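One chain, chain A, appears in both complexes that follow, with chain B as partner in the first and chain C in the second.
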Partner chain A sequence: MRMNTYPDVIVIGAGLSGLTAAWQLAARGHRVRLITKGWGATHWHSGCIDVLGYFPIGNTPPVSLPRETLATLIANMPEHPYALVGIERLEAALDAFATLCHDAGYPLHGSLDSQWLLPSAVGAFRPTCLAPETMMAGDLSRHDREPMLIVGFERLNDFYPELIAANLIKQGHLARGTLVETPTLRRQKAINTLVLARLFEQATFRAEFIAAVKPKLGKAERVGIPAVLGFDNALAIKAELEKAFDRPIFEIPTVPPSVPGMRLHRILTRAIERAGGDIRTGMQVVAADTKGDRVTTIWTEAAARRVPHHADTFVLATGGILGGGITTTYTGEVREVVFGLPVNAPTDRMAWLYRDVLDERGHPIFRAGIRVNSSFRPLDGETPRYTNVHVIGTTLDGCEPLRERSFEGIAIATGFAVQDALPTTNHSTSA
Partner chain B sequence: MRTIQTEVLVIGGGATGAGIIRDLAMRGFDAILVEKRDLTHGTTGRYHGLLHSGGRYAVKDPKAAVECIEENRILRRIMPHCLEDTGGFFVVTPWDDPDFGDTFMEGCRNAGIPVEEISVAQMLREEPLLNPKISRCFRVPDAAADSFLATRLNAESARAYGARIWTYHEVRDLMMDGQRVIGAVCYDLVHDEEVRIYADMVVNAAGAWAGKIAAMAGLDVTITPGKGVMVAINHRVLNTVVNRCKMPSDGDIIVPIHTVAVIGTTDVKVSDPEHFAIEPWEVELMLDEGEKLVPGVKEMRILRAWAGVRPLYQETKAVDTRDITRAYTLLDHETRDGVSGIITMTGGKWTTYRQMAQVTVDRVCEKFGVQRECRTHLEPLPGAEQHGGYHWLGARFADVERRQAYGDLICECELATREDVERAILEGDAKAIDDIRRMVRLGMGPCQGGFCTFRAVGLLHRLRQPDVEEANAALRDFLQERWKGLLPILWGQQLRQERLDEFIYLSVLNVDHLPGPKATRLAPVMYDPPTGEAPQGRV
Partner chain C sequence: MFVEQTLDNCIKCNICVTECPVAAVTDKFPGPKYEGPQAARFRQPNQPLTDWSVDYCSGCRVCNMVCPTGVRIAEINARARAEMVRKGAFGWRTRLRNNLLARSELLGKVGHPIAPLANALLQNPLGRLAAEMTLGIARHAPLPTFSRERFTAWYRAHQPANAPKGKVVYFHGCSTEYYEPRVGRAAVRVLEANGFDVIIPPQHCCGLPLLSNGEFDAARNYHRRNVNSLVEYARQGIPIVGTSTSCTLTLKEEAPELLDAFDEESRLVAERTFDLSEFLLNLHTRGELNTEFRSIDLRAVYHPPCQYRAHRVGRPSLELLRLIPGLDIVESHAACCGIAGTYGFKAEKYEIAMQVGQPLFDLVRATGGPIAICDSETCRWQITHGSGVPSVHPMELLALAYGYEPEGVLQQQTL
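On to the complex of A and B.
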């Protein structure tokens, strides 16, 4: 796309929902510009697609059959983003996303008919719907006859294999944890997940790692390691290690920065660029011009320079409170920052939070969201505030994406479904 | 049940109790200190962080002012590494009476507090963010003080002199033999067992709880807990302690300490030292008053709020708690009430803790019929000599640089390294993650434990190998502990930060579904829920 041709769609925000929307719209021939300040949660999340982990929230056993539970959710919560999208489109979104990843050489596995239980970086069982192949062998529905080996790295502050193993044991699995070091690591000043991911892309480092782990393997049937098997060739790296160890290995997602999250991010941004989308980062939207029930222009600020952007349609994917798309003040004001859309949230600050940080109900303020109609147009009362604005992702009302463990699912489903609300395009596409 | 015998039992592990046990041990007494939680759990760990010059009391309470400046000089000598020599300003804002400045100067001179009026231009050169409408400014030798460190070092020194210090030991009853106190029944929270400590003398240094302890021996000691709320801002907006130049009132001081600046405080009578709320109006008042000193403060990111209770002793009922004297009180219950074996030291300030300890131990000596000289004003606290001088803002960073420890940071906000945390776990005998916090400031910066909680639990589990359910509960306890101080101030950036922390702990780690109890016996004591009502006479 040329700089001087103005886009028909501007997507604001490049978290998982904004990226998905930009990709899908560009692939369908829209001229898309993605404007974003940062990268949303894509560098933080686990790299799995959680669709629905717990429902009703606070339930102890995780959802085991997402399709059935989703039907219940949709029946009971008509305002939930999944109710707006519907199971069919949710499934189509997951399929499209899985296909994109598969074609990028990084397959995701899973479906709405089962739930994975994979170990977290503290050894909890994480329910998730789609997981990358690099994590598959961590499947906890399978029991080992010999303790699985969890390997960490000396001086890596974000991974404690003994803690993971101890929690897995507590929950009925056989596991043991160990730490390794290699000559290259000894020379590193700082060791974190990004450093390790870069090192794993080097054959010499992999050889060192293999040599360090081999003597510790014992009879372990599988080996778990932090999710650091490189950025672009994780599958090949995994295969090489498995061959050397002669047993399956699996990645365990880490606290941020998350390498598997970044892999999905790369796949999506490449897909957008391939489809002719235009990604502008480091830009904060600071104001919008409107005319009647339409937004005509948004203004961005970067390096203290204000720039106008015109488009026919605007997709708001700014990620709610977490993404910075909704801000709050000590007077109890809850504000959508770009268009000043009405936000559904308790206005009394005393009602925002519960006294227990882990209260199973989820804190009311974190449900703050924007009510939309079935075409994702933001509502003011019962009528759309603007006809050419659509709101997607976890900025939507009616859900609690973290407690539900539906964060990625909602992002991808709404990012995918928003295309149906846009006029079809007659631009030719190169995607 | 365990039974132990000692000469002197000190109750309370705040500044006063720690000062007393050090003094006792240095004077050769066999002594034990019991504290129901960790050291500094009480008011000492929730105060404003100011080493008073005495300026604040120069007009209102000259006796307290003199005590402060005397001790100010001594503490600068014995614990410079616990102090940051920020200096202090008393400033006249448009809301204050300009003539009070002269009364203030005179009060300072009478109390022996060095004071100097400087020009507003000079003031703004030193502190450019101060309100330019300030009309007068006086310089006094206030300083910022780290009470966590100071109390721990007092305890460390006491231990080196042979004292025993038992945290998580709560006094549940005093044992009597007729009209004589002969010891205390304690409950050991960590091991869930009773411990009986027999002592020739019990020293009640339980601060605002002193009345409760005294009541266990049937003694009537009236303490009016005066609650004060403080708010930490995520910037060092000032490098000097700044006080309003007026009669002491609400929200009139900002103290720069470590990486933050703290606005305080209020004074509200509460009925119980343990159960009180932080009300929204108190937080808002702090911001409104802070705004008068540093315009713009209201829009800045607030990290946390906390509240402590002043242990104000009174023989008769008074109305405004600030009118009760701040000077400390030693109660000799043998002469006062006819009950021997126990004395109470209460009231005072952090700044005067050493003097309070000295006076107490002098009385203990008298009771034992021995004469031993106090040396706590002569001998520096551990580490003072190696450290060589005051703490300064860049010290931690310089230390990390010197050790080339960038890669080893467990808490990026407060620059706590793995070595620091490991030492706290192993040598410091930390029982909860919160104990590690008090030792190395873990989780006290902007992310309020977002990243480091998980790491600290990983290290604790690695080094101590507790049952993993205990480790899981310790993790949840610490998240709750941080939450306690976040609840009153969650809006804007800090609310967003909290959501990010939820992202990590729920979505990525799933800690709410880890096996084990939701909380342990060491879980934090929460503030009461706020009522949301404005106090009488306030809007």
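On to the complex of A and C.
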């Protein structure tokens, strides 16, 4: 393993885009240092890769053929991150990511030519492009006549099987909800997704769970449970339960902490370290030194003083207004927190939000982002502000990841594509 | 930002809970989010204590390192424990036990002159059983043995080398002074191999064990005395380096932050304090490190202590060790060894500490090297206790690579 005392690339931020960029760059021979304040969006997201759920945004049915709709989007929105990346590179990014997960024993399934409709933790449907194998049997578009049993756990907050079932029934599916408890769970002081995921890694608990659910199966032809089937052996655990139930089972993503999101996080961080990348957490960037149109050094907060980090290239993956990469002040300023890059956002504070919190137009402040050129260099007017800074992920302007349901797609696509904008490396390559 | 103010940054995302090594093995501690920012909202003046479980926080700071919004969770918990102590929530027996464990300087002063007797007592199974039953000091926990010679006695007799690079203050800490003077000898040799004149001013316990037991008043006293002793050097711009990552973290940040010691002198000392590996790596980035290392053919696990990660300077020891030819370092990604200073020595927490450390013990055993490497003394003792593999400080290997005679366990290796 290489050590990165002298990195040539520093990636700032450890959400899905930063992790993807660090993994790809390290695998291609760059000496990568990933600097992050803490872990991020991977622990919050569903563990599925949403590429494009809705377009145009509004009261429309979900996208059913992402490839076709992406072509329309790209033609209509030349500043959208997908337009910068292009369908070819988007598909290459998804392939690379799926291969990584497959090789880690945690396959993702799907493609740009179809869309999964998977149940959410309130029983709504979620359009998504790549889904882990543990969630596939929940598909609402293809198995809609197979009755479902939704199983929850006593005292697990924010996962209510009867609510999920009721909402599924409203959408024309057959579903029933039930809560289970086991002797081990009764002894637990607190129940959350982590506790359950750790318990599912134990054979004795799985046996208890099987015994508790089996009598309740009835006419159900598939079983949905919260996404807690362990961290590293989810597939094997799923297979064991399916054998016992003689029915397919599927995971439903939960509110944070999201176990399927953590699985992807582990796969990515291991890939980065395997490729020689150096991950540093607890480091918040507090200042940057520049020389002309280049950033030379960033400074991170540390015990008693600041610490400098030098590199040739900096990849900014700190997220948007939700991730903390962009922030606002009471005086109406919208700021990019690391380099103070110009943010495309309404300058009038009153224009940030509409009066109605669920306004169908979507609040303008959530579209705040950094405009970039085709090599992801941040623009000041029409020229790059810095030539060795590249901005990726949901820090970018021109998209609305929440309402488009394009969060992970944009993160992975831009995290993958940014390598093309970097000078090629002559370090040893071991991809 | 002050410690308590940071709790307003908490967005309840639970990331800290996902990484907490204690919550992963026991439900006596539900997790940092619940005990830290959430419970802190109820810890108001004239309000009853919220919950005992905060005392099961080991203070490893893994939560701080992964929090995406900068909440100082471990410090919030440390202050909550101090408030419990202040309010008399702990019985006299617990406080006596905690003070015995936490007053490392006092222990050293008392135990060292009678080292053979003290060692015999401390390693005697019957004595240990009695200590567990009466005081709650875990009978299997890895208590160190007093060394025959104090580190500073060796230093006074030591003939300094030529020192063209100027002066460095060495903060050796209690464990080097009373238990493992070989670490201090290695540090002095490494600094001298780089042309420094090593100064060792009078010094006291850094106060960290007291801080993590909620005994803030006693800790404040020690910190003040250290600052008084060190500030003159700091004013002259002389770096203060240490080999105990927890001592240096305390001087840099923990004591000022937890004790609200924001005076100019504390700040000066903090700013001039470095972990020794951090200091040497800084030399290396300036091209000033002596890199004439002889080869050490050895494969070993290096575990960066939680206290070192909390410095937020990366893994300088790892980078230094990788400069030594022949040395094949396996980096530990384990969250914590479990001991967390005095935590794993307590009877009610011993099992938790052992379970927390299990993945690390497994890695050390699986790697199968003759030694493991770690910067922090209590972590080294715990690693050896849990894995059966002797542990050394990185400076011991650096000193060996500079051609000094090996000491301790390194002596028994054919390197």
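As a convention for this text, the second predicted complex is superposed on the first by the 418 of 431 C-alpha atoms of A that agree within 3 Å, B and C clash if a C-alpha of one lies under 4 Å from a C-alpha of the other, contacts with A are read in each partner's own complex, and residues count from 1 in each chain.
Just so it is clear, a residue touches a chain if its C-beta (ideal position, glycine included) is under 8 Å from a C-beta of that chain, and two chains touch if they have at least 3 such contacts.
Model, not experiment: these values are computed from the prediction.
Peer 1: Can A:T300 be said to touch chain B (first), chain C (second), both, or neither?
Peer 2: After superposing on A, A:T300 lies in contact with chain C but is clear of chain B.
Peer 1: Quick one: classify A:Q188 as touching chain B (first), chain C (second), both or neither.
Peer 2: both
Peer 1: Please work out whether A:G324 is in contact with chain B alone, chain C alone, both, or neither, and reply first, second, both or neither.
Peer 2: Both chain B and chain C are touched by A:G324.
Peer 1: For A:G38, decide between first (touching chain B), second (touching chain C), both and neither.
Peer 2: second
Peer 1: Have a look at where A:Q171 lands relative to chain B and chain C in the superposition and call it first, second, both or neither.
Peer 2: First partner only, chain B.
Peer 1: Quick one: name whichever of chain B and chain C touches more residues of chain A.
Peer 2: B
Peer 1: Thinking of the overlay built on chain A, is A:M262 touched by chain B (first), by chain C (second), by both, or by neither?
Peer 2: In the superposition, A:M262 contacts chain C only.
Peer 1: Take the contacts of chain A with chain B and those with chain C, and give the residues found in both.
Peer 2: Residues 44, 188-190, 192, 256, 324, which sit in both footprints.
Peer 1: Along chain C, where are the residues that touch chain A in the complex?
Peer 2: Contact set of chain C toward chain A: 13-15, 17-19, 23-24, 27-28, 30-31, 34, 64-70, 249, 252-253, 270-271, 273, 281, 284-285, 309-314, 318-319, 322, 331, 333.
Peer 1: For chain A, which residues count as touching chain B in their complex?
Peer 2: 41, 44-46, 50, 60, 62, 120-126, 155, 157-160, 162-163, 166-167, 169-171, 188-192, 253-256, 258, 321-322, 324, 327-330, 349-350, 352-353, 355-358, 360, 365-366, 402-403, 405, 407
Peer 1: Quick one: in the complex, what on chain B touches chain A?
Peer 2: Chain B reaches chain A through residues 280, 283-284, 287, 298, 302, 404, 406-410, 418, 451, 454-455, 457-459, 461-462, 465, 468-469, 471-472, 475-476, 479-480, 482-483, 487, 489-492, 495-496, 499-500, 502-504, 506-516, 518, 526, 529-530, 532.
Peer 1: Name, in rising order, each residue of chain A that touches chain C in their complex.
Peer 2: Those in contact with chain C are residues 1, 3, 5, 37-40, 43-44, 188-190, 192, 194-195, 198, 256-257, 262, 273, 278, 280-284, 300-305, 307, 324.
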